[in-house]
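Note that chain A is present in both complexes that follow, paired respectively with chain B and with chain C.
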Partner chain A sequence: MPPEPTTDNPSTTSTSTSPSEQLLQEQQQEQQQQPQPQTHTHHTLPPPFTHTPTPLIPLTQGAEALVYRTTFLTPSTPAILKYRPPKPYRHPTLDRRLTKARLLAEARVLVRCRREGVAVPAVLGGDWEAGWLCLEFVAGETVRRVLDWWVEREGWRVKGKEGEGEGEEGEGEGEERDEAMLDLMRKIGRAVGKLHTTGVVHGDLTTSNIMLRPSSPSPPTSTSPNASPNVDEEEEDVSAYLAGTIVLIDFGLAAQSLRQTQEEDRAVDLYVLERAFAATHPTAERLFGEVLRAYGESYPGAKASLRRLEGVRLRGRKRSMLG
Partner chain B sequence: MVHVRTYRLPHYEQYPVHVALFRDVSNAAFLRKQLLEANEDFDYAFLDASMIISLTHLLSASFMAVHRSLTNSLKARTPHSELVFRLHPNNNIGESYRKFGISDTTTALIAVKLSLSQDITAETVAAHLGEAVQGESVQIGDDGHELTNWTDANKVNETYKTPNLLGKNGHASDNTNLEHAQAVILGLMTIKGS
Partner chain C sequence: MIALGLEGSANKIGIGLISHPSPTAGPIVLANLRHTYVSPPGQGFLPKDTALHHRKWVVRLIKQAMRQARVKIDDIDCICYTKGPGMGAPLQSVALAARTLSLLWGKPLVGVNHCVGHIEMGRAITGATNPVVLYVSGGNTQVIAYSAQRYRIFGETLDIAIGNCIDRFARTLMIPNDPFPGYNVEQLAKKGRNLVDLPYAVKGMDCSFSGILAKADELAVLIGEDVPEAKRLRSEEGELITREDMCFSLQETIFAMLVEITERAMAHVGSSQVLVVGGVGSNERLQEMMGLMARDRGGSVFATDERFCIDNGIMIAHAGLLEFETGVVTRLEESTCTQRFRTDEVFVGWRD
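Then we have the complex of A and B:
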């Protein structure tokens, strides 16, 4: 596993939140460059997050949980806080039981995965009664964004080639770039395979729930043909960028799969991922074949799950026809 | 002079955690007796240094002890016994003390004092421990790696029922291994008993 990006932090100890503030200010700046998430409804967080001097930055809000970026245990440990607020329309006792059960299920699955060597965020702490869970922060970007970046890049590459009329040379470069991308696809296939080997199914395996944690801290930002004068150098950047580790996140719907339903559950994971790829771009859909190929070789039962996927696909189509 | 290092937990900055490390401790039996007799002057978490794998490991238990104390959800009798209890993967307080607490034969000792009231400062802790502990005070650096000089990997693996998790040689020198082990162990501590 590549090392987490370290923050220069000479004093972990003693007074003030300055290291964490600094860290989070950087994060905030990062945030501002990205499209801001939709507005958040205001929720009262449970203690100690109610009036904490440590910054809490809202990241996303799902149907069930609010997700913040913060620090935990030491000012130099970035973390994700996941809070499931009480649902006012549920009976309080039932609400607490459901919240507890779901948080605990997520934490258990994550710990199990981590023990088995599947790359997932570590569980750092939590309070089931209060409804929160603290997880290791995973640096990098979602595969969804990597795919978007890739598709955009493909676009200018084709245009650039047309303009300059660079025939064979351009194709050669393209193959190298493709190879880096195909390698990423194989890593995704193997990561999902490894997850399924442990008997866990993700339950919401979209490209937004797969992270690429880079080995080199900063992604190449140039998507314009004029930005990089040195093509070789940029090729290296791209390969280094795509050479990170695949980390699966958001296990809020994950489950320990029962033996009887395992094949079906696994196939549904793959089907959901396939739909997510297809939704990005036709090019991305083509890449998905490589994910499946690597998946098929990743553990003994994988081929059976792939066969089952065929059935799930048909059923999926049939359903949409009827609907 | 006793060196006391003070850590501030994110989100609980107003309740600092004071940590002191001692080597060649010769009065462990006396210290343990004070705990058993619930001597109020000895309200500390006294830990055997062989069971602590990293500063974060220690702070994780400290955070939960502070948190449960302040949210009135302690499972153990006091915040400091809660700290010892939080380190163990199971729900047994006595077992937690046997594994992580000071024993009569402990020579490397970590003393933790949670500053849940204003009158507890690094100075008062240092002064009291200087009188109470017979041993050599070891200065703890910013990253707290001195705390792990006595880690017994086999004992840790056995207690968390994680064979081969923490590297051999009694001490995890390999950072990747330590990070992985810490991730698993923090997770086991979090889901303990539920």
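Then we have the complex of A and C:
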């Protein structure tokens, strides 16, 4: 017979009704007293951007960098400043090492991609000690946002049609618009294929790091069903908007793949993108098939990378546990 | 409604009793007991011995929990047990206990995903509504966010789990397993000063630890007292590297990776809340680092103390009861367990 559970086994926790109830409430209160999230925290930019005549406009806080809008040489040439601030959570030695390595990797890969004809922003300047890069401005939207917008739109479209018998809607307009979206997916597949042909793997290929530079200047910004009363006109706008160029960004984790590991590295790129689709845009998951199809036809080695992808997926499912 | 929860997916057996007084009020913890199987230094816990340990403790802990909570058999609405993921033999020993009780008492069963248990308990305790979740334990390393009725995995380890990496390094340095290896590594790390260069392996929102562990193990050989002075590992300033420095360097490196992939997921989904769950989540340095990151993003970190973040029965009871309240039960014929059970396989019917 084992002895009674005692307190000298430090992980035998015993909690009785009232204290734990109290604890739940205490913890909840504590959390509520924490400061409310603000949309922008203030960071000081490194020289020469610390004091600019007109303050730089913060565009967004990415996964590791702060992105500002600025201009390059002439006031009418927009550019962006990508600043990797020191990460307060990271040991300073490790932080310097990583920031420098990533900034250099990004600059090198961008230059190389430009040379090889992959659509990426041009490098305009930079300082790896201070942690900034100045890049060509891409006038567009991340595919992450485009998909959100599309899914939401799709959602209200389906809802709105519920009354008239759901399911089969043979109307051409729906397919056309789907076609525009599928075409965008194919362009993504080809863009990734092109990148891989040059021997580069992205390393962080999510929908936040793929941008659409639309061909029509006015993107349909409506995300609410009431915003556009004229459906036909909007359909045209949508097709025009989606018919743009795919620009790949954010190459901080990119690498020139070695020949031996190339297939695996490429497959992992695709796997990361697949999961970004599945996790962020569950309802758009089927679109990803089109990305892969176009990718498969984009260069001679693509089929082999796709076969490898199956292995990577399988490993993912098997890995569900157990260290 | 009241649920009994049984957890035993790794080396801890946990028994919990929870009450959901009404759909709107928070849950009330009635009892939360746990007993840990501690293996000798330099050794991990084997499935067979762990299962034996759980079998030995399960009845005693349930009895004690019922007594402590002053709950009668009649008061219990369902029996929740860990369906997976975890180690086969320990999972089975606890599932068997759950099935027996279900037949004996005539109560429905609910099989619970261990990871979902951690997430739901963390949300209930901290009040974090829709956070990005970092789930870090001996068997798991996942970055998770909720979307469309599922907890979706954004990033994860590509090889071994973070807790496993720490435990194995502790074994290399012959650090005791009592109370648990990670705790002892954390205490040593607090006294470390020199950062030893270790590989840093982040791939998008995924990461990998096996290369780091291999390198750390390799370097650990060079700090032994039996190594000649001239060959001993030194810092750039020429100081001898200590065990403390090694633990410090390991933690600084692998925690930075965790914080980074969490930050990537937060940026991608546009969230500023982060919830840390799982045993490694009790590490204070990890919590501190996560807090610094979240603050930089104008957000905050939510964490629970070790009663709730280390494997326990209450989280199984809580998540199981949430599911039970949506009308889901696990029929006896289906009350199996599984070593592999991905977080995103569970249909989350209780959230919007």
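The rule we apply is simple: the second predicted complex is superposed on the first by the 234 of 323 C-alpha atoms of A that agree within 3 Å, B and C clash if a C-alpha of one lies under 4 Å from a C-alpha of the other, contacts with A are read in each partner's own complex, and residues count from 1 in each chain.
Just so it is clear, contacts are C-beta pairs under 8 Å (C-beta built on N, C-alpha and C of every residue); 3 or more make two chains touch, one makes a residue touch a chain.
No experiment lies behind these values; they were computed from the predicted model shown.
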Chain B versus chain C as contact partner of A:S215, first or second or both or neither: neither
First, second, both or neither for A:T198, with chain B first and chain C second: neither
Partner chain(s) touched by A:V272 [first = chain B, second = chain C, both, neither]: second
Touched partner set for A:T71, first chain B, second chain C, both or neither: first
Most chain A residues touched (candidates chain B, chain C): C
Which of chain B and chain C A:S239 touches, first, second, both or neither: neither
First (chain B), second (chain C), both or neither touched by A:L110: first
First, second, both or neither for A:G126, with chain B first and chain C second: first
Intersection of the chain A residues that touch chain B with those that touch chain C: 10-17, 20
Of all residues in chain C, those that touch chain A in their complex: 12, 26-36, 38, 56-57, 60-61, 64, 68-70, 84-87, 124-128, 138-140, 145, 147-148, 150, 152-154, 156-161, 163-165, 167, 178-180, 195, 200, 202-206, 252-253, 256, 259-260, 263-264, 267-269, 272-273, 288-290, 292-293, 295-300, 302, 304, 306-307, 310, 312, 339-342
Of chain A, residues touching chain B in the complex: 1, 3, 10-17, 20, 47-49, 52-54, 70-75, 77, 100, 104, 107-108, 110-111, 114-115, 122-130, 136
Chain C-facing residues of chain A, complex: 2, 4-5, 9-17, 20-21, 23-25, 27-28, 31-32, 34-35, 37-41, 61-64, 85, 87-91, 93-94, 97-98, 144, 203-208, 253, 268, 272, 275-276, 278-280, 282-283, 316-323
Of all residues in chain B, those that touch chain A in their complex: 5-14, 55-56, 59-60, 63-64, 67, 70-71, 73, 142-144, 162, 165, 175-176, 179-180, 182-184, 186-188, 190-191, 194
